[in-house]
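Take a look at this one; I'll ask things after.
Just so it is clear, A, B, C and D label the chains in written order, and each chain counts residues from 1 on its own.
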Amino acid sequence: MISEALFFSAVLFTIGVVGVLTRRNAIIIFMCVELMLNAVNLSFIALSRLHGSANGQVFVLFVMTIAAAEAAVGLAIIISIFRHHKSVDLRNINLLKG
Amino acid sequence: MYFDLSIPSQLAGALLPDLILVIGAMLLLLLSVWRKESLGQARLVGLLSIVLCLITFASVVWLWRAHASASAGIIAVDNFRWATDCIVLAATIIAATLMIDYSEREQLVSAESYVLLLLAASGMMLLAASRDLIVVFLGIELMSIASYVLCGVDRRSSRGAEAALKYFLLGAFSTGFLLYGIALVYGATGSTDIATIGTAVTGETFNNPLLLAGIGLLIVGFCFKVAAVPFHMWTPDVYEGAATPITAFMAAAVKAAAFAAFLRVWIEAFPGATSAWIHPLQWLAVITMIGGNVVALQQKNMKRMLAYSSIAHAGYLLVTVVVANSLGASAFLFYLVAYTLATMGAFAVVIALDEPGERNQEIADYAGLWHVSPWLASAMAVFMLALLGFPIAGGMGFFAKWYVIDAALHAPHPQTVLAVILVIASVISAGYYLGVVLVMFMKPRASDAVAVRPVQTGTFLVIYLSAFILLLFGVLPNGFVTLARDSVPISMVNAPAGPPVTAAASQ
Amino acid sequence: MHDFLAQINYDVWVLPALLLIPLAGTLLLLLTGAFSGDDGSLEAAPGARWIALVAFVLEFVVSMGLWWSYDPAGARWQATFDHWWIVPWNARLSMGIDGISLMMVLLTTVIMPLTVLGSWTSIRTKVRSYYALMLVLTTGMLGVFVARDMLFFYVMWEIMLVPMYFIIGIWGGERRIYASIKFFIYTTAGSLLMLVGILYLWNVSASPALGLGQTFDYDRLLGIAHTHKAALWLFGAFFLAFAVKVPMFPFHTWLPDAHTEAPTAGSVILAAIMLKMGTYGFLRFAIPLFPSAAMTPWVRSTILTLAVIGIIYGALVAMVQPDFKKLVAYSSVSHLGFVMLGIFALTVQSVQGAMIVMISHGISTGALFLLIGMLYERRHTRLIEAYGGIASVVPLFATLLVIVSFSSIGLPSTNGFVGEFLVLIGSFRTHPYFVLFATTGVIFAAAYLLWAIQRILFHALDKPENEHITDLNARELTMMAVLVAGIFWIGLYPQPILRRMETSSARFVQLVESGQASMRTAERGTR
Amino acid sequence: MLQDLAAVDTHALAATAARYVGLLPLIPLAGFLVNGALSLIPAYTMGPGDPSAAGHDHDGAAAARAHAVDHAEQSGATGDDHHAVARHPYAAVASVVGPLVLVLSFALAVAIWLAMASAGEMRTPYVQRFFDWMVTGDLKIAWAFQVDQLSMIMVLVITGVGMLIHIFSIGYMGDDPGYPRFFAYLNLFVAFMLVLVLGASYPVVFVGWEGVGLCSYLLIGFWFSDKANAYAGKKAFIVNRIGDVGFLLGMFLLFANVGTLDFTGVAASASSLGYDSALVTTICLFFFLGCVGKSAQLPLYVWLPDAMAGPTPVSALIHAATMVTAGVYLIARSGFLFAMSPTACITVAVVGTLTALFAATIGLKQWDIKKVLAYSTISQLGYMFMGVGAGAYAAGMFHLVTHAFFKALLFLGSGSVIFAMHRAYHHTGSHEDAQDMRNMGGLRKYMPITFVLMWIATLSIAGVPPFSGFFSKDGILGAVFARAQHGALADATWLGMPGSAVLYVLYVLGLVTAFLTAIYMTRLMLYTFHGPNRTGEAEQAHLAEAPWSMTGPLVVLGVLSAAGGWLDLPAALPLGPVGVLEKWLDPVVGAATAAVAGSAGEAVTSTEYFLIGAAVVIAILGIVVAVARLKPALLVPKRDALPSHGFEHVLEEKYYVDEIYDDAIVRPLVSGSRNVLWTGIDRGIIDSLLVNGSAVLARGFGWIGSQLQSGETGAYAWAIAIGALAVLGAFTFR
């Protein structure tokens, strides 16, 4: 049971990573990151159950809170970038390089 | 003074400086939104945030002087924490000071940036204190989220926005790795408490793939935060795009706090798995030292050059993590003091010479600076030489590097090769640090060069105090050496510094 | 004299005083600069050079007491000074002189006032900074020569680079920037590895059995036995630092650029004093600390080969230089080859000879650079082909150039001969075949210098711009007089110098030989 | 040191004039200082305090000097001996000081000589120590002079002939703007030469040895504005330095094996080196290499003909009478070493003989009067080496002395001729070569005194009795013949050949050389003084004898050349006291001579009379042949002369040795240094490739790194992901 949960979590995490790597839209990338975090949350829950300790579940609560905060900040930043570039396509956003 | 961390009130006592800072920051946030935004109001918030930092600083010093100690728990009450707190707070004060001058110059009305600085600082202090991976995560996120916003604090700047976006996306991405790493370590050891993990990770268990993958992902997460190659690529862009005081803050404080947590986790949680992580970390240290320096050679923009320089310094600091013992921690702290002063001083000079809209930042713009403002150029030369690690003229920078090399040579597994590579990397770095000196002192002033404006008070103080402290303690580093030596994580205080090194030339 | 020196407790304060006098001068210059508000040009700040001159003359006067106070038959270290510095690391401001240091200190204090005179009119911008850097540089150089604490030594060793970097880079010639950065990086690259070596030594210096902690104390570090492998690595680290500084072939290419582009005083200091730090480093540190490594047959013969190559190669390359300063720079490579030969041949005569070559190279090459500087100041070119026949316009200059050149060639009765002769005759006893080749260096030395002065001084005066070069003035004659006196003094009666160095040189030889011997017995024991 | 002094006190010379021996070189040195100062005083006008500020100012003194130089340029005729004409303001002072110091030195030398003569036979040298020079470890070298019979001979020749040449120079150089400078150099030369011959140890001798090289350098390049002169001076010094390397190595080898460099010390322990050992032969050959350089022997003779670029008194004093004979002196001085190595001895003799022959052949076809004398000098030096090589140290020294007389006379005489020629050309403003014999002819009418004196010297050098050269040359040839018959050298083998055969060949070659000598000297006389005058119609009116200040010394030298033979009459011709010089030198070189010659003395035999007869016949034959074959009347002036052909041309071009050296050694060395060492290795490999190459490499990596930094967030994410994979991989596959 535990290995299935962990495997599932790993697959989800990988999907998130691949999404970040392949997509060029800032919002989609951000959503993929959220997917990664939630994959980890799944692991935490499973492991928490495995060890019979509450730590993992506490951790998940923190992660969810922080993810929410991150979402708030992130969307604000994406809006700000949209104001400047009229686009959230990362391919257009490379003033800074070298 | 003794804190029993299982009692909430005593836990609060042990977190006194953190609480002061957070509560103060909240109050300042209220103040900053209380009235219509104006430069004057923002300035007031800035000054108050400096005062708040000073109060926090005093409380840290008070606890430090009182030899506070505590039972085992989620936070550490030890000198390492206090020392890191002091460095972080000092960096915050410097950043706020620079921010006040910078905002005035750029007509940037942003009272909230000071509050964000304070919040980031509180995250850093939490990192310095953390003895539990949950706290580590909280600290990192608190610090990072505030930093994401800080990067884009100048809403008029598209470069600032781009920096914020890149930092945010990549930061969140790396958080995923860090978090996954924590999860796996938790899975392998059944605990998020660092000390407990430390006892669990021993010779027998460390072959657990869960644990190894966890350690590996933790390395990725931390290395992103400290900007180690190849997880560094956000650094130059973000440092260049962000407002200069924020860049200075990130280059010094963010890196310091992330490293503090990195070091503590490594010293307390994973010594049992040394043979597993030492080679990857060595390689990371090597490519960071070399990579940061060689790319810095190519830079034309001062901020970008300093960004790559900060990457190279992350490589030097990684050496202390590789060593991961009390000597490494002392070397780390000492290095951090010198590095913070030098790098923030350098950014302060950049701010002093800045033209509105962040122009006049190319290295070529500094040509002949010595002829028009000799003291500013001299101070910059001191910072450059300090970053290079040159004795006397570079002040503490030399002893910092010295300390790191000493830690490398004196480690239980002597890192002679790393020490030699560190030295070679330093030689490479001479190419660009001296390049700045050269441009300032040996090139003539361009005919179309912008006139140097009088340096604003805050910036002035930052530049010359930093230079003065660097130089003073570069001659007589006794005080800082003693402090650094006594400021190792609590778990190391009674442990020996490793077996006396015998005559093995290399490991 | 002895009584007077004893009465004023000379030995107690002289070394710190020597390090502090230049710093006081620097401070004075910086303070006057800070409050004057002018641009620091020669016209605006004519007093700066006087401050520097007074400081250097004072330094010279103070240092002269060492000549009498040093007792060759006395203690190993004299005029010692010891003060805490970095307590947690047990680094101390520990100083002292022996016969070898003594000569190097005096060489420095004699040359420095002359360099101020040499810069008197040629440095016209930012004079305060210039002289301040010269003063700081002096402290660094003297520090190297008197240090008995390895950390103190290293700090002094490195600190010299900065002022010299600025002196070359700001007041130098056309390619000054390239030359200065090359100088800095080249020498730093060499010495940083030595830093690792020093740290290693420090780490192994603790001996818990005797209750002694880690130390930088030179004398205690001398007593540490290393495994042969460790000794080789450590020697390698020190070797690189010193070999670059010497400079030994093939680590010499920074020198021609630095020498050529530096202002006159910079070239003089580089040649006369800073190059000697490399050879001094070998004498004081690299060899005595790791005798078993330094005297390993293949190491020794490699270094001797490089030394001999340096002698001949430097001379041959010097011969074809179109730029007189570069010619002299390559001649330094050749001369320092003799020093290295003498040091590694390890006989009392050869070591004494190496010391004399160090001193006399300082005098002769310093004088050559000063003379070139005087010419450059008048004609603004260093190219040999730009001159010709000027002996008839500037006879005093010509006379001095001929004297100095012949001292550099090593004409007997001048200083150059005494040093080379002692080196060669001493080295011949242990390494005759190396000497066979090295001795041919004296032919090439004559070839390159005579050819150069022939093209500068002699031939027809066929370039109109050379017809109105003015001859030397009183200031220039004064500084040359000092150096010419030195040339003949050492050439005719070097005995006072040899006597003062004799004990230290002999001790060096004996120390290395016994270190070698103990290594051999130890190895035999393990087999 | 005190003990040494005490030991010296007991010496027979301790309380005599010999204790002032230190003054001998100091007096000329003082002259040097005074004259040197005189030559610099007018130059020293207080310039502006700041050279760079006034560097281009046209100040008065500089202008005056520049004008003087212009004048010098215009009046300097092509290739002639006299250059600028402008009397130096302090010439009068220099005229007094310059020669006076030589007079004083000579007087002191005579006083010491008298003291020695009155002290009776003196078997040990009188060594006076002044102070330590280089004392360290077991090396002990002091400034010390050694007075003995050998050094005294040299001192007398140097100061005596030197004095005459100084006096000659007053007139000869009077109008030269560098007049005090000339005397300064000449005085310095005498000082160093005296150090050379008085030095009590090899290193002190070496001081003089190189010191005279310095003076030679300065004097050859005295008229330095002519490129050829400056070049010749440099060439002389460098070629000499090649020899000096041998001298140095000899000293090193000696010290490493004997532990001392004092003559007395080495002589005492020389036997420890082993008779005819490779070691002692090597030492001797190294020293001989030094002699080859200094005394212009094969293959290092090339500098001496060029050295004729110096003023003629210099040629007479340095390049004929004194300095070039230093090599002979050194071998005589080191007799105790050479006597132990027959191999080295024969080598010396062979090199000397070959040089003598070689130079004589070149002398046959030279047109420049001084060049003829130069090759003649090389040839005669070869004779001397033949003598000392054969262990006939006294004979070698004897020839040295007589050669000093007649060759100085020849040079000064030729100087007189050149002086006259130049003055004549100067009057008419002609730019002909004043030294080319084709422009002379028939000068006996105009310069009768010089004419007579030159003939005396010519007969002397040709070996016609009873002139001095006959006796000294005969002494050498006789000694070679005697050694070939029996003794250590006859018994030795040299390069696989029996010593006696080699020596017989040398003897024959010596005779051939004598024949050639007679021919080329007669040729010189015929072309210069006999036949019609080819100088030019206008110039003839101005040809005249030089003033008495110049002819006076010539007369003295003429007397010495004629009568010098009585110094050392052979036993076969007892025209007076026999073998004075040989007896005088016996305490110094007697033992060495005996060691080489063996026990058998040189009895007066019929063979010896035959030998003497042969030498005389050959000399006279040479003169006769020359007179018969050469037709001065057919000669045309230089400007009209046709180029020579065949072997004649090869001789005229001196066998192209200079060109060969130039092409085979000098050019490859210079171009190799420039193209291979400097451009190739130094700038190419070390600096560009390794030093700057590593910088370029670092920058290259930096450039790659910054290209990777594309600004694309996606790429950065990829970097993180790949990094993460790598880290995980490192954990997996560790």
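Couple of notes before you dig in:
In this section, a contact is a pair of C-beta atoms (placed from the backbone, for glycine too) under 8 Å apart; a residue touches a chain by one contact, two chains touch by 3 or more.
Values in this document were obtained by computation on a predicted structure and should not be read as measured data.
The interface with the greater count of contacting C-beta pairs, when A-B is set against B-D, is A-B.
Central chain (C-alpha centroid nearest the global protein C-alpha centroid): C.
With chains reduced to the mean position of their C-alpha atoms, the one farthest from chain A is D.
Here the spacing of chain A and chain C, counted between their Cα centres, is 64 Å. With centres set at the average Cα position, the gap from chain A to chain B is 26 Å. Remark: chain B and chain D have CA centroids separated by 77 Å (rounded to whole angstrom).
For the pair chain A and chain D, the distance between C-alpha centroids works out to 95 Å. The multi-chain contact residues of chain C, meaning those touching 2 or more other chains, are 185.
Counting partners per residue, chain A has 17, 20, 29, 90, 93-98 as the residues that reach two or more other chains. For chain B, residues that reach two or more other chains under the stated contact definition are 165-166, 169, 173, 236-237, 298-299, 431. A list of each chain pair in contact follows: A-B, A-D, B-C, B-D, C-D. Residues 6, 13, 16-17, 20, 26, 29-30, 33, 36-37, 39-40, 43-44, 47, 50-51, 53, 55-56, 58-59, 62-63, 66, 69-70, 73-74, 76-78, 80-81, 83-85, 90, 93-98 of chain A are the ones that touch chain B when the two sit in their complex.
Residue ranges on chain C touching chain D, taken from their complex, read 121-122, 182, 185-186, 250, 253-254, 313, 316-317, 319-321, 347-349, 352, 374, 377-379, 389, 391-396, 399, 402, 406, 411-413, 417-418, 421-422, 424-426, 428-429, 432, 435-436, 439-440, 442-443, 446-447, 450-451, 454, 457-461, 467-476, 492-495, 498-499, 502, 505-506. Note for the complex: chain B touches chain D at residues 165-166, 169-170, 173-174, 177, 209, 212-213, 215-217, 219-220, 223-224, 230-231, 233-234, 236-237, 276-277, 279-280, 283-284, 290-291, 293-299, 428, 431.
Per the touch definition, chain A reaches chain D in the complex via residues 17, 20-21, 24, 29, 90-91, 93-98. Residues of chain D that touch chain B in their complex: 695, 698-699, 701-703, 705-706, 708-709, 711, 713, 715-717, 719-720, 722-724, 726-728, 730-732, 734.
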